[in-house]
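The structures considered in this document are given below.
There are two complexes below, and they share chain A, which is joined by chain B in the first and by chain C in the second.
Here is the complex of A and B:
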């Protein structure tokens, strides 16, 4: 894909592309258990290719998820910083940059990394490259997280989620408005079937469509969507496109090791025996089709009205497909199950005031933080789980303890769960003011006291997480 | 007598020298070595890809044969190029190898 972008930007092409791209490479070696020496060798190869591109490039390691701010999980409707400026200015700067590149006589050789678009700023000096290994504590934490995940399916899903968050953060920091991924038709068909199996059927349009606007300011586009893997492989071979292959979490895994592997094997086998299967799978779930692209675009339209439409899943940022108020459904029952999972023992230890918090999961946060540690931890797992969509909840079932998760996820979960409880607390304070105006500080003491302690506890926790 | 003996020998396939290359991650199953110059011994029948695969499995494949070979063909998802042409155009498993052919196996699978 990067090679195609390079071709498109060259002076010789008939319809030149009009954007300034950058390339980001995410080093996931720690999640695969690779040593730093192996990873450094791969990075050297990647760097060699990236340097010949002429685009700004960013090499980030997956360990950097431990330094992400919770704001990465929030949908932002604003344009990312750095895209201010008129169209004319953008085109002028682009043309100037092209003249510079041509003068330097650069010839590109692409990589298999993902690409980013940036319509306004020329930033050849903006390349980002860490010089040494990431902090050992972060590498250790990442290894611990991935080793604690029980199934390969959950590992792959978690890896994908963290990678997406990291790329989103890089895009926002450097002012990129779009992220282009190199998913081919084959890869997307496999992803489609896998998503169905994982319970992400509601989000097929986002996950496999051409454009994915769930993040608001940064749009994920998939320009290679119409090309099969075979075409891409032949193209790379015939045009001598250099690439770097690195082991992934699922390298040398057997065919039934995860749902992803199973679906891949199934689809490729089907394609070998019955050609055109992949394109059929790709189009079929999107309904009766006159033109496949148009139909899939139609499916996307629900979230376009913006980020504010309803609560979002904490991890995948799709609209929550759960209705916790609806206890009559099987899913509603499952939701209640999660918040009632903590055993009664912590309640007994903490005493009466900690009673309601674990059962309700919402609105009792102040009591939790006054209570004992076990109560808080169970409550915090419930707080995280209840903010996930169905598919992410299923993934999290295979993560026995949520503590190894990067702090930004836990912090954002806390923040979201405590917002409603803070509102309820304020209401309680107001009501008690109304009910007993003449009795002085005695009768008003407890709720106000609890409200203050809740806020102090929130501040304390937020401080711990951000430091 | 001497001439007919020589003609009899000509029916046997001569030893072939071919270049076998692996890409797309498939080289991980072959100790990370991408290019192999192999000399196939002479045999009664001419060498076809089917025989080559058996030979690779016996001599080159270091681990996890099921990740490369399935049955008597390659695993679906592994592309085979013979002299930079798709093997489907050349008869797939029944293509007769020539001397100095270049066979390239590209894995398009995610898991190597």
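Here is the complex of A and C:
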């Protein structure tokens, strides 16, 4: 895909692309258990390729998730800060750079400026390249996290989530408004079936569609969507596109180890038998994502809530698709428990699942059941779990302890569980914002006035106001 | 290692571990829990109102046997009365044995049994005759298509004969999961849009249908039948191995090894599936020939039978139905139906291997 972008931006192409690209590479070696020497070797190869491109590039390692701020999990509606000037100026300056580079390459000596800017080394100007290994503590923490996850399926899902957050953060920091991924048609069909099997039926359009706007300011697009894997392989071969092969989390795993591998194997085998399988699956008309838990229309769009039209999943940022009230559903069947003769505590709906961790073998160790944990930890786990969508909850079932998760996730979970409800949001006086007109004059008070009093006051005022 | 105690009554020794939660239970506690869950599904989904006359589609297999047994236990609580309806497709060497099992069950449970035969309802066409007719086309996979559609009609007819107000079938979570996978693999957006709930409300004169066992996994159904010592018929239909559902079934078995809850995850996905508005099926009308529920002018059963009568059995199968002349008298033959170019393999409209009513 990067090669195609390069082609599209070159002077010779018929329809020149008009944007300023950058390339980001995420080094996931720590999650796969690779040593720093191996990773350094791969990074050298990657750097070589990136340097020939002429775009600004960023190499980040997955360990940096431990330094992410909780704001990465909030979707914001405004444009990312740091966009250089206006769009036209940015494109023009980039094209200038390209021309200068080409001129240098032809003549073999630096030439005088043809425009107002004279960049000397454009390819490293905006590039990020860590020289040494990331802090050992972070590497250790990452391997601990991934080793504690019990199934390969959950590992792959977690890796994907963390990678997405990291790329999002990089994009926001450097002012990129779009992220392009190189998923081909085959990969997306596999992803679609995998998402289905994981319980993400509600979000298929976001996961596999052309554009994914759930993050608000940064849009993820998939321009390679129409090309099959075979076409990509042929292209790479015919045009000698350099590539680097790195081991991933599921390398050398058996085919039955994870849902992702199973689906991939199944679809590719079926495709061999019925050649239209991939295109049939991929062309399913998936529609705009519905919001089953839309909150009331009275909500003013407070800057903190941004584009959320309802509570969002903490990890994948899709709107929540679980409804605890409706128990005649697949979700209800898994959280209800009818086998205890004294009825279980009402925690069943808060989503503290009796995980399948003792499914194998008789007499599983009692200390891996949820119930024997100290109450405090169970409470905080329940807080995190109830902010997740169905599929993320199932993934988290395979993560026995939430402590190794990067701090930004836990901090955001804590923040969300303490956030006042949307109802009284408009009654609270923010220090910097104007008051919402609906709250009238009676709700003035210190911003800390939350809880029942404020809610009762707001209700009274609203009743008077709207009657 | 001695078996652990039952975690519910704590009195008896545990005899099994529930596949989904890993909980250790004794036989009777498990059966109680299973029945409680089915009851909850029926009540929470408001599937069978009190006073309903319920026609249970009984095939003699494990699912319908368990369904009939559980509903019989719950009938006083729900306030419904049951009738067994069995369908005789005319598959030699298979259906006779299954029907014998159904008759034994009816006698044991003292429930009225009605048997409806394809041969009577559909002008002499039994499944064996249908199979002969399509054998020449070289694609014998289509047997299950005919069987599923015609069985739905037969069940409906049988239910009306006994004066039922609701129809129930024994589809379990694994069946629903396989159906979702199958519909996805075939790109059947229409069926995906229609499915996903606990059953259909019954529009246009069709009786409301539901599937009380929809949230129970297949393993638990088998366990329940084992602990209650139910007598059922467990052989596969002779036409089953060729169906496309076999692929989906194999996939589901593999997925369950990787993640035990995958059947329910798929059901959840299907419940929340968001399809483009253009993909939603048109509101159903009535068949112009028999008056049954239909999304086109002819219902699928009439269309299939039409094809059989004309010696063109694949007339109503497949996505390209442009050549089908629905109203015309048997005169000059219509142009051959355009076989869908994109699918040399699976055709739309095929149903399952397990001789069940098509899930819709």
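In this text, the second predicted complex is superposed on the first by the 320 of 467 C-alpha atoms of A that agree within 3 Å, B and C clash if a C-alpha of one lies under 4 Å from a C-alpha of the other, contacts with A are read in each partner's own complex, and residues count from 1 in each chain.
By definition in this document, a contact is a pair of C-beta atoms (placed from the backbone, for glycine too) under 8 Å apart; a residue touches a chain by one contact, two chains touch by 3 or more.
Remember, predicted model here, so these are calculated numbers, not experimental data.
Shared-chain residue A:248: touches chain B; no touch with chain C. In the superposition on chain A, contact is made by A:204 with chain C only, not with chain B. In the superposed model, A:256 makes contact with chain C only, not with chain B. For chain A, the partner touching the most residues, choosing from chain B and chain C, is C. Contacts of A:153 after superposition: chain C is touched, whereas chain B is not reached. Of the two partner chains, chain C is the only one touched by A:193; chain B is not. Within chain A, the residues touched by chain B in the first complex and by chain C in the second are 257. Partner chain B is touched in their complex by these residues of chain A: 186-187, 229-230, 232-234, 237-238, 245, 247-248, 250-255, 257, 260-261, 264-265, 268-269, 271-272. Those residues of chain B that touch chain A in the shared complex are 23-25, 27-29, 63-64, 66-67, 76-77, 79, 81, 84, 86, 104, 106, 108-112. Only residues 1, 3-4, 7-9, 17-25, 29-30, 32-33, 36-37, 40-41, 44-45, 173, 180-181, 184-187, 189, 192, 198, 215, 247, 251, 254-255, 257-262, 264-279, 342-346 of chain C touch chain A when the two sit together in their complex. Chain contact summary for the complex, chain A toward chain C: residues 151-153, 192-193, 195-205, 256-259, 262-263, 266, 270, 273-277, 279-281, 283-290, 292, 321, 326-334, 336-341, 354, 356-359, 362-364, 390-391, 394.
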